[in-house]
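Look at the two complexes coming up: chain A is in both, with chain B in one and chain C in the other.
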Partner chain A sequence: MDFLVILADAGRGALGPVAAIYALAAIGLNIHFGYTGLLNFGQVAFMLVGAYGVAVTVAVFGGPLWLGVIVGLVAAVVLAFLLGIPTLRLRADYLAIATIAAGEVLRLVFNSGVARPVTGGVFGLQQFAGAFYAVNPIPSGNYGFGRLTFSQRDLWVMLVGWGAVALATLGVFLLVRSPWGRVLRAVRDDEDAARSLGKNVYGYKMQSLVLGGILGALGGMLLAVDAQAVAPNTFNPVVTFYLYALLILGGAGTVLGPVLGSVLFWFLLLFIDSALRQAIGAGYIPDEVISPADVGAVRFALVGLGLMLLLIFRPAGILGDVEEMRLEAGAGATPRRRRRGRKARPAAGKRTDERVGG
Partner chain B sequence: MARRLVTLLFLVLAAMAAVSGLAAAQDGEAVEGTLRGPDGEPVAGVTITVEQDGQEIGTTTSGADGTWLVPVPAPGGYDVTLDAATLPDGVALRDADGATLPAVTVRPGQQRTVLFPLVAPGAADDGAAPGPAPPPADTGPGIGALLAQLTVSGIKYGAIIAIAAIGLSLIFGATGLINFAHGELVTIGAVTAFFLNAAAFGPGMGLIPAALIAIVVGAIVGGALELGLWKPLRIRGTGRIQLFIISIGLSLFLRHIILVIFGSRPRPYADYVIQQVMIFGPVAITPRDLVITVLSLVVLVAVGLMLLRTRVGKAIRAVADDRDLAEASGVDVSRVILYVWVLGGALAALGGILFGLSEIVAWDMGFRLLLLMFAAVILGGLGSPFGAMAGGLLVGLVAQLSTAYFPVELQNAWALGVLILVLLVRPQGIFGRAERVG
Partner chain C sequence: MTPDPTLADITAEPGVPKPDPLLVLDGVRRDFGGVRAVDVDHLEVQRGVITGLIGPNGAGKTTLFNLLTGFDRGGTGRWTFDGRDVAGMPAHRLARRGMVRTFQLTRVLSRLTVLENMKLAAVGQRGERLLPALLRPVWGAQEADIERRADDLLDRFLLAAKRDDYAGYLSGGQRRLLEMARALMVDPTLVMLDEPMAGVNPALRQDLLGRITDLRDSGRTVLFVEHDMDVVMSISDWVVCMAQGRVIAEGPPARVAGNPAVIDAYLGSQHGADDEQGSEETTS
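Then we have the complex of A and B:
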């Protein structure tokens, strides 16, 4: 077993384009779930429309890349309205099922033979991001140290990706400290209290959905550009589950949570992947227990297990504040007795008052 | 002559049972078959090509045992061509124009078996001898007959969804948990029955005893999850959203454990695979599908009667309706919740076995059914078991009937579309109480 190879694989995962893509989409999800309490399980649908906005505009209609980006963003806004108008008035869990269903409908439609002239059907679209790589300012070669190296192509995607992540993080930092952000958190903590103060809860939720959706679409665009290809089956519901896993790992409702979560998530995922493969290759794990073909499945099972343990033992994640993020949004069906018990705690009550008043 | 051809076609049909050694695509859709000559011997080295809209999807050569399999990327219509030039001497296509089977429909998750009837060269084109009907083609005679056929398969599909969804709805009603891992209970049932029935190293028991054991296993898994995971979490006072995301983690975990154990290749049960189609007026149905449909409906009625007439059933409905009130009336709520999980696990396992029997057993079959089960539960009104039954049937019918007018690969999209539509106009569901859900 070569420990350096494992570390290099894990490091490549933590810093590489994929981590930046997931960080960007998770920042969007953080606005929905972490700050507004919207259980959006269709974030992958925003990534899909962003990716296809770019791909279809360039590959099918021959438009320039910048136009594709605009088309993708407009598509994300339209999708947010389509999703939000029927579902934002519903209880949180209805929203979850409706959004995941909408994401699946989009994937199935983009996958179908009917849509093939525009979306390329199951085969998707390829080679539409030439313009992006044409402006790569980084001289050719490999960069890095030791075994941890990136090609100039990866480095360019990473530069743009992490740059976007930094800007989005800064934006979220400023937004959540603004009066607007305080109302968002009030909606999350107690929707009725915010409504009774005269806030248009529905409107704030919609703005949050649009804003987070745009960030999701940007993540999708980056994914499309990085792979130079899009195919509908990339955008299956499991992507959204990963986003939730890494967001909660980092800390939902914190500014840096999604970024830290994404880096750590991909580091751990590729660390496990590489370590398992090495252990099997070196014969530490016999083939009958886990064959190399099963490594992918094993690491997904571990993601699931990790998500469960995280929510049971530390639902606030690494950066989160346990009091701040109690994942109680829309607690309509929680037995009354227990809710009253919570509210009676002096610390919690005081904090809620402060936030709503502010 | 006719008798010989019937025997011959029967042998070709036996291909459905053959297990091919090729790996399938991740989602499992594939076109497959086994080539057997007039003497029943496998025919090897024949090239078969699968195309869609003139674009080649894949090509393969039949193996030494005559089997061939071409994974296809998605459900839809495919043209399957047998290259007659690669047929060995002494074997010819019965129907010389039948080298290409146009528009073979592959449904989601299906491994579509395609038949190329082969005969000795002299016997070719003996059109006078009608063989048994090939698997019902989608280009049926009239639209009425097609709709009748699709209604029957919609009822079957819908009843299976309904059986699996009852538990989901009752669990929500009793505990407020949206159980994302319910699909895995479905898969566990189907896979357990598979290992008892058809796995190479399994005991190879008949499907019916295997199914009964699998249902018991499903009930035990359901009960164990309640006692080992959900009950302790409820006692801790874990929030509802938190529980919801924990169930997603559980679903990911169980699904991929099943993937490691079962493998990614979808496989059928060993029994009741090869069957002669029975014709009832416009509807052609195999005895297997008829039994599945009738059995599902009987189970639905039985569960309904149990909920309406027995003491336990009344207690379950009382808890699902208003937990605090039931508790105040002297119902032992935590015991009833355990019953609900056991019942839900058993029904989900049964639904999985029936789905595996009517389609195929796959590691992600439960997850693919899950959204349709959610659709059923929400259509009927969250927490109402009778709503889940009606919603399941509606979802099944919408999915199947949509294929009369729209592409087959969109059948589940229509069912989910109906879900979104219902949320828009009547969010409490068709049978749900009109209460505030927002």
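Then we have the complex of A and C:
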């Protein structure tokens, strides 16, 4: 059992392309859920349209990669409008229902035989990102230290991916400190109050949905480019729930929460994965208890356990503000105030009766 | 309080025309299933005075508020605000036009600080648009102006010490103060207060009353719903009484309090088996 190998695997997970992809999509989800209070349970749908925007444009229609990126972004905006127009005027739950359904509908439609000429059906599409790797400026070789190394190909994806994450984080940082971000947080706290102060709540929710959706689509594109392949079943609903898990782990409604969450999530997942495999290989864990084939499932169980513990001891996530979270739950000084309010009202009423009656 | 001189010669009867109405309602109705919750044939709210809206519970006061402010868009009829037809206009546009409301249950934004609550309310902020928001130089100066105005108001509303606290930590009375101060940030023509005294302790009550009369003295129009008759009688220039969705009486406070229809409306709703019980129910 080699501890350095475990650490190298975990480090590869934490810094690798997948962590950047999830961070990007989670930043979008953070705009939705963390800052605006939109319950988007279909972030994966935005990733899907982004990924297929690139894949279909290049692999099926032979267009250039940049056009694919534009197609993917436009598709995300269209999807956001389709989801938002009917639901954003309604209560929060309706968006949740619509988004989770939309994600599944898209996955199944892209999977179907009917869509096969365009989407490749179950098999998906491959080899459409050649142009991306052709412009890789990094000389070939392996980079890193010790056992933690990346190929020039991975490094190129990471460079673009983490670059996008950095830009998106900077954008969110600037936005949430602006009056625009203030309105968003006001909408999250109390839509009616924001409305009574002249804010177009519907418009802001739509902007939030579109902006977060675009980031989701960018994540999806990167996922497609990294794998040089897309298949509908990559875009399971569970992806959205990983995004929620890592967002809450890092701290929803914080600028760096989704980034830290993604890095930690993938670090833990691959740490446990690698540790289990090493332990089984070294005979510390007998085959009858956990066989190598079970590791994939067991690691998620353990990560789930870790998340539960974290939420018990740090409910607002690592970067979140517990005080702020208690206010969301309506805590603060509320219990006392409620009792006082109840007493005061009947008393006021009695006086009313006396005056009008007599 | 002496009634506004412009209202002195007006007949105290429902729907009477006023010399300078800010808000005019015509045939405003709201049905919930088979129940007509609001049914106002004609009502004018005079500019620059405090109008109290009273009535027993279930009279339709808050429903009317919701209709007028665009929070409930299921009503029919016409109403004009400052001479313009605003029936069916969404709430946020009405607020920008100068009709701002508060709520029966205070709605402070608890995860924003007191100062942020105030700054949020300013209208026409350049930084509230997505792209300019990214560039602080575009909105920084305006933001500083807004902050100065907010600080002035917080001073006047005794909230300066709470400036940087989360609004969620304020007491019930302080929330009322914040809501009212925040409404002023919009620079409204008409301030609509829904039970501004509910849950406010007696010490703060006097303060709040002073703020409401200040609003009028600074030229704004106030329309408020209140159950506390002492409050209504002491600060209103004009009182409108609703019962079962209709305006049954209006006039100067003293006249309305003595109006038999008003007394009937209140007693009628409270002639239950147990008077004490009845009053508990109607006010809770």
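Remarks
Basically, the second predicted complex is superposed on the first by the 313 of 358 C-alpha atoms of A that agree within 3 Å, B and C clash if a C-alpha of one lies under 4 Å from a C-alpha of the other, contacts with A are read in each partner's own complex, and residues count from 1 in each chain.
As a working rule, contacts are C-beta pairs under 8 Å (C-beta built on N, C-alpha and C of every residue); 3 or more make two chains touch, one makes a residue touch a chain.
The shown structure was predicted, so the numbers you read here are calculated from the model rather than taken from an experiment.
After overlaying the two complexes on the shared chain, residue contacts for A:V298 are found with chain B alone; chain C is out of touch. Of the two partner chains placed by the overlay, only chain C lies in contact with A:R185; chain B stays clear of it. Of the two partners chain B and chain C, more residues of chain A are touched by B.
In the overlay built on the shared chain, the residue A:V238 is in contact with chain B alone; chain C does not reach it. By the touch criterion stated above, A:L39 is placed in contact with chain B alone, chain C being left untouched.
The interface of chain A with chain B overlaps its interface with chain C at residues 327-328, 330, 332-333, 337, 341-342. Partner chain A is touched in their complex by these residues of chain B: 27, 52-53, 73-74, 76-77, 176, 178, 233, 237-242, 244-246, 248-257, 259-260, 323-324, 371, 374-375, 378, 407, 409-410, 412-413, 416-417, 419-420, 423-424, 427, 437-438. On chain C, the positions that touch chain A within their shared complex are 69, 71, 90-93, 95-96, 100-103, 107-112, 116, 119-121, 123, 125-130, 133-134, 136, 139, 143, 166, 168-169, 171-172, 182-183, 185-186, 197-201, 227-230, 233, 257, 262-263, 266-267, 270, 279-280, 282-284. Remark: chain A residues 171, 174-175, 178-183, 185-186, 188-190, 192-201, 207, 211, 323-324, 327-328, 330, 332-333, 337, 340-342, 344-346, 348-353, 355-357 touch chain C in the complex. Residues of chain A touching chain B in their complex: 39, 86-87, 89-94, 96-98, 100-102, 104-105, 108-109, 111-114, 116, 121-123, 233, 238, 241, 244-245, 248, 290, 294, 297-298, 300-301, 303-312, 315, 326-338, 341-342.
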